[in-house]
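Going in written order, the chains are labelled A, B, C, D, E and F, and every chain counts its residues from 1.
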Amino acid sequence: MKANPKDVLTGTYYIDGDVACGYGALAAGCKFVAGYPITPSTEAFEAMCRRGPQVGAVFIQMEDELGSMAAVIGAAWSGVKSMTITSGPGYSLMQENIGFGAMVETPFVLLNIQRGGPSTGVPTKTGQADMMQSRWGSHGDYEIIAIAPESPQEMFDYAIKAFNLAEKYRCPVMIMSDECVGHMTEKVVIPEADKIEVEPRRLFKGPAAEYAPYKPDPDLVPKMAKAGDGLKLYITGLVHDERGYPVKNEDYKAAYVRRLIDKIKRNKDKIIEIREEAVDDADVVVVSYGISSRVAIKGVEIARENGIKVGTLRLVTVWPFPDERITELARKVKAFVVPEINYGQIVFDVARCSHGHANVVLVPHGGAGVHNPNDIADAIEYAAKEKKKIQGVVEHKTRLEKLVFEGGYKLKE
Amino acid sequence: MNSLISALHKGIDKSGIDRTKISVPSDIPFVPGVIKELGVDYFQTPRGRAIAFGTGLKLGNPGLKVIPVVGDLMTLGGNHFVHGGRRNMELLVLCVNNFIYKKIGGKPTPSMPAAFSPYSTFEEPFNFPHLGNSCGAVYTARWTALHTEELAQSISEALHKRGLSMIEVLAPGPDYYRDINDIESDILQFYYENAVVKNNEDPRNVAITPDEKIMVGKFTDKERPTFIDSYNVQHSKILKDKFTPHGTVSQEQKASGDKNV
Amino acid sequence: MKLWRKPLDSDKIKIIRGEIHIIKDRCKGCSFCVEYCPKEVLEMSEEFNAKGYHPPYVKKPDDCVECHLCEMLCPEFSIFVTVKKEDEKPVTVASGEEQT
Amino acid sequence: MAEQKTTTGVVKPEIPEADVIHPMENLLRMDRMPHIWCSSCGIGIAVTAFTAALEKAKMDPNMVSIVSGIGCTGRVAGYVKLDSFHTTHGRPIAFGTGIRVANPNIKVVVFSGDGDLIAIGGNHFIHAARRNIDMLVVCVNNFIYAMTGGQVAPTTPLAAYATTSPYGCVEPPFNIPYLAESSGAVYVARWTALHVRRLTNSLAEALQKKGFSVVEVISPCAMYYSRINRLGDGLDMMRFYHDNVEIRHGEDTKNLDIGFQTKIICGKFVDRERPTYMERYSQWLTEVKGAKK
Amino acid sequence: MKTDPKGVLTGSHELSGNHACAEGAFAAGCRFLGCYPIVPALEISQRFLERAPAVGATFIQMEDEVSVLAAVLGASWTGKRSMTVTSGPGLSLMMEHLGLGVMLETPCVIVDVQMVGPGLGIPTRPSQGDMMQSRWGSHGDYEIVALAPSSPQEMFDFMIKAFNFSERYRIPVAVMSDEYVAHLVERVVIPPADAIELVPRRYYKGRKDNYLPFKRDKDFVPPMVDIGKGYRFHVTGLTHDNRGYPIMFEECQEYNVHPLVRKIRHFADEIVEVQESNLDDAEVILVSYGATSRAARKAMEEARKSGIKVGSLKLVTVWPFPEKRVAELAKRVKAFVVPEMNFGQIVLEVERCSYGAANVFFIPHGEKGVEYTEDIQAVIKRAVQEKNIKDGVIECVSKGV
Amino acid sequence: MSEIRFAGYGGQGIIRSGIIAGKAASIYDNKHATMSQSFGPEARGGACSSQLVVSDSKVLYPYITVADILVAMSQEGYDKFEPELSENGMLLMDEDLVKPKPPRGTMKVYPIPATRFAEQLGNKIVANVVMLGFFTAVADVVTYDAMKKAIPSSVPEKAVDLNLKAFDRGYEYGKELLQK
């Protein structure tokens, strides 16, 4: 299905990532946005508030993030595409409802503009420390899809992709952007509506008596319904059977929750998007995502100037994680270097999937800024030279760390 | 619980509203059979989020009638309630109040473990009609589980109100109260003896206190623009023809035969 | 000038005079103090402070009656009033040690 | 008033730098000045009034703890030299409740903004009022979320502009005193940043009050609220308060709605007695202990 | 420091896991409980409230879980050892304040009685689905200590451990119980008060005007003070310097947040505790924690009887994960078998730490298997026979599914 | 490729300056321009800066390594970012608000009383646009025409005239200065 021309603001713009994401969501047919102001994600919400009413999308600023998330799930069940926008602390508050959304298989999109954490942290500066939270933040077992864009143009493109994935797999999709990308302004080209492919909702079209909200299609995803169609929906966050009725029999529970996981796991190959460059003959592969991959480019350039064969692997979709591909590469290369704006999250999954075949070097950064590319270059160099197999993640000591803890840097006291 | 459902049944009948257009988000678990019979769409939300969930439903499809049933006594969801009232979202909030009250059961309450009561036993409960009224609800009423007819009447009235209506239903609570205390019949008896109908009483005066009778009745019935009204008015004023009022059928939709508006 | 009648307590009641202190780099130029000073003691200056605002200065130091309104209304804690000591020169600098 | 005239040609004397210690040195963290609030923001005035009230009420500063949430007013805790906590968004009342219940000798003051206390923290606000937790809540109301850049708040008047109501606010605002009263607060007052002396008296009174006291402080936000709505600068807002505030003590709280640039009614509206949470708690405790014997 | 005898119910009792938890808390000197009723953690607060007047403890039932943890953090700063109890949905709501607790370095204990999730799940059935959440559930970087008790006795003991860890490292500590342990009634021996050793809160002892709330001692842990003692300190959830004042440069972020991670990673060896049995000659090792370790133990004994060399590694502290020990063992065994009452959480850690040296078998949803070990038996047999080392976790279908 | 840093305090329109210059370069001059911003802890009053990387090819690494041009509108901003300025770089500053150190290497310094000019034009808020005009004149990164096109769509409708006037004021002052 093509996008509705009314929703698409075709043209060339100089806008930041937040706004681009808002425009992307509207182009994808988002008709409901609930949000709560939180730095640094407000620009996206503001953009949708400005443009929403003109394209028939309703916005509401709820009283808190808990309410926003609940309203978004409610709106999705009323039949419209919906999204919410937040950042770290708000994301933590939404966790209960995200789990509920995953459980009742609600398609929605969540934009998380990550900032420095934990707690209030550094609201106006960047971080990538919610990556694991996006996968594991709610209680119980579930799977979600997470995308990490690296530029305003991608914020637009992947907002559309996020909605498409959400509709296709009936699951929450997180756009795990960060403050750098959110507040980075670049040229964004918005194509014409007929160039934009949008996934329609998989609606049930049959006699009401036959409808079972959780009866899966062959790809394990069930058909969706909306309130008010006379289907007498019974939707509960309790473990339920195909009709949606709560069950207490554990066998059902296993089968049911298992499908929530399997519908993503089995369709993994269709969902995962990674971008590789020069990995075939590489000694070291830099695995990165989001803004870190743009920062890493500089580090890679420096390392290549020093004669090291470096490839790059960029996770566009961070979750589900490309286990097999990493394992495959691990057998070929000496080491992975993972620059992240946190003290180690995705790197643990890289380490897990490398199965001891390749060393794994983490270039950490606490947030509130991005890596010094020289640190990444140093780490690559170290990784290329290291002959031993080292178990565990090697934490590269960055210039920043040396400066703060050894270099006599004085914080005001 | 059953009395609430049967009142809901009667109320919807009386109001003449198409059942298929009614959605009930609730944090109280209702058994599927009951819902099937009621013929509505039912969503069991996380605790306390029924009103927020309903807000999304209503805004996503203004054609729906949304009846959030709030069981957790608005402890978790109090905020959504007051804000829903302020916005005047078109919702009919059924607030099931099942507090354990000093006189009930004749047991010395201090030994009642506080973890069982939505409020610790020594805390004072909310005066819900007053709270609802003060944050802007257009319709507030209180009935006990015994007043099935009045409750049904209230529901049918409130379903036609434009804005947030709130009906507090005093009913024996979820299972665990019964399990530990076996006091349901006592409660009903208590309601019978202590409830006094006082329609149009100032909600300020209807707090439930240990020494006075419980006042029930319809307390507030006023008009205010709803959220969707103000949304449409304000945006039409500023955006003029760039804006299609929400909840109206546009030409395109008419052409495409989309009835769901 | 000969007074028609000497006020009975003129030697007892002294009008308390205040001394205004301005911490100029804190000022953000809201001019509340200038607007609401009942005696119009203050006026905005043309000078820029470090933040690029124009702080007030004391135009009529002798008119201050120590009402503290400027102090109360200053959102920046950058202006305050102390009692002016008699027999001291009317300068706006007082010694820090004496106060603490 | 003095417009910032720059072309008068008159050379003004250099402003001498003050080196006397500020009278509030012992109650404010002067090492953190200048603070982060914008020019003409009223929060600083509210803080001044609060510190003055602390002295006026003769509170032992060591036994007062101040808790703030997130937002512009959320930074107050960082500038007041008491045991001060800057917590998460909307939760200062809950955090303060913990302090008060665990150590009833501490007087808890929650100093935060309208968005923090009434939007995300609305639930804690009404429940703490219902419980009658012994604390003073100072709610600085500037009609907007200023820290995040001017979003619509639950106090933004109908039809006023904000960045998330680009076509005018569509939600009627809360009447904070009414909400506080109906959920059980024992002391409710409202003042503007201009009424600083009355505000001080009110705060001093509320500090000595037993139970949940709420003082709403209407404060100008020149950077966002009045700029987006073209209401001039902070001084214009102060003048507006001067001309449009009516003081009516004891006014029924339901008449206290604030519209867009309408009259604002200030005063002390509620001053009543209710048993506090800790009183009920100790009563319960004696009953239990009695029952056990 | 010895514990206050007032809270210790010395003797031998038949207690459910939940009741043992409350007793453990009292014995550990806990004097403040913030609670909100949630099945299946209800009985902990119930027991706490019943005994609170006698012990001299305080409690409050808040309006939601969000505020519960906020109140607990506030109470902790008054000098009282504080805790809260909850279950999955409540834990999700507490995530924001878990971050605040980490950032303010506030000692407190969170007991999570796990139930089946996600969403509302099944409140009356056990699960171990919140294990990863306890480690990764809040935004930003942090490290946490999580303990998983497998019996009422351990519930009691681990509460004391948990409070000790929380005071020692100034962090929130999670006790990850589950519905099975919570409602299991067994004999609990409560020792005399003078046999219970507590780690005292680390108090600052210098001049009052000189106190820096985040000036770290050599072990990265800053000393604390109480409210109302005249220190007039400031703490904030924003990135801060030693004074607790917000400073938001990347240098400060490094200075502030890196130690939060480091104070646990650096002392991981001190914190990590595992219970090992029959490892010396084992070909296959069962890695388990919490209630599933009961099944694992039973399965091990049965397998040993039939001559299979099986050992058991029971995680007492799930977080920090015993990386070194697992890596060591991986080199000399054929396989790890990990039964969990979820669809693969801690098994990912086992996979990571085995570095491709051993196979990792996973038995999802061993919920039924708490008492019933057939699945585990079958997988053990398979693991012994498997000759090649395979990539990735080998997921086995259990009959319980 | 040029790497430009705009620095000042919040409320001065530092970020807007970056956006206008970036828009002019990328949309009207058809180059590639990446603008990123950084706030202080607070949105206003605190240190605030924006960085603009203008290049003929796609900008991969979006941040400044060595700045070619520093536009300083506050002392704090100057102090913080002067060290990253290239020795051959260019310093543009508001002469009332910044007191610079002696320049290093072949660094060129161009002062302008931007805030004063803006006040004379009637609103202090356009100081950044005065500065932008000055920047266009002396720095030769974006063309005059592109800037003139970029301004109207980047400022509130009512303020377009004032902004264009402010821009010209700065531009002319810059040209005069260059001639001297």
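Going forward, a contact is a pair of C-beta atoms (placed from the backbone, for glycine too) under 8 Å apart; a residue touches a chain by one contact, two chains touch by 3 or more.
Predicted model, so just to flag it, every value in this text is computed and none were measured.
Enquirer: Going by the contact definition up top, give me the pair of chains with the most C-beta pairs touching.
Expert: Ranked by C-beta contact count, first place goes to A-E.
Enquirer: Suppose chain centres are the mean of their C-alpha atoms. Which chain sits farthest from chain A?
Expert: C
Enquirer: So what's the Cα centroid distance for chain A and chain B, whole Å?
Expert: A distance of 37 Å separates the two centres.
Enquirer: Can you compute the centre-to-centre distance for chain B and chain E, using the mean CA position of each chain? Integer Å is fine.
Expert: Distance between chain centres, rounded to whole Å: 40 Å.
Enquirer: Could you pull out the residues of chain C that touch at least 2 other chains?
Expert: 28, 51
Enquirer: What positions in chain D touch 2 or more of the other chains?
Expert: Residues 4, 6, 34, 37-39, 86, 88, 119-120, 122-123, 127, 147-149, 154, 167, 288 of chain D touch two or more partner chains.
Enquirer: Where in chain E do residues touch at least two different other chains?
Expert: In chain E, residues 60, 63-64, 66, 89, 96, 99-100, 104, 119-120, 236-238, 246-248 touch at least two other chains, as defined above.
Enquirer: Mind pulling up the chain B residues that touch chain A in the complex?
Expert: Touch residues, chain B against chain A: 20-21, 23, 25, 29, 32, 35-36, 39-46, 49, 52-61, 63-64, 79-80, 83, 227, 231, 235, 239, 242-244, 246, 250, 260.
Enquirer: For chain E, which residues are in contact with chain A within the complex?
Expert: Touch residues, chain E against chain A: 66, 88-89, 91-93, 95-96, 98-100, 102-104, 114, 116-122, 124-125, 127, 129-130, 132-133, 135-142, 212, 236-239, 241-243, 247-258, 260-261, 323, 327, 342-345, 348-349, 351-357, 364-365, 367-368, 391-392, 400-401.
Enquirer: Per the contact definition, I'd like the list of chain A residues that touch chain D in the complex.
Expert: Contact set of chain A toward chain D: 35-39, 42, 45-46, 49-50, 53, 59, 61, 63-65, 89, 119-120.
Enquirer: Enumerate the contact residues on chain C facing chain F in the complex.
Expert: The contact residues of chain C facing chain F are 28, 48, 50-52.
Enquirer: Which of the residues in chain E end up touching chain D in this complex?
Expert: 31-32, 34, 53-54, 58, 60, 62-64, 66-68, 70-80, 82, 96-97, 99-100, 104, 226-238, 245-246
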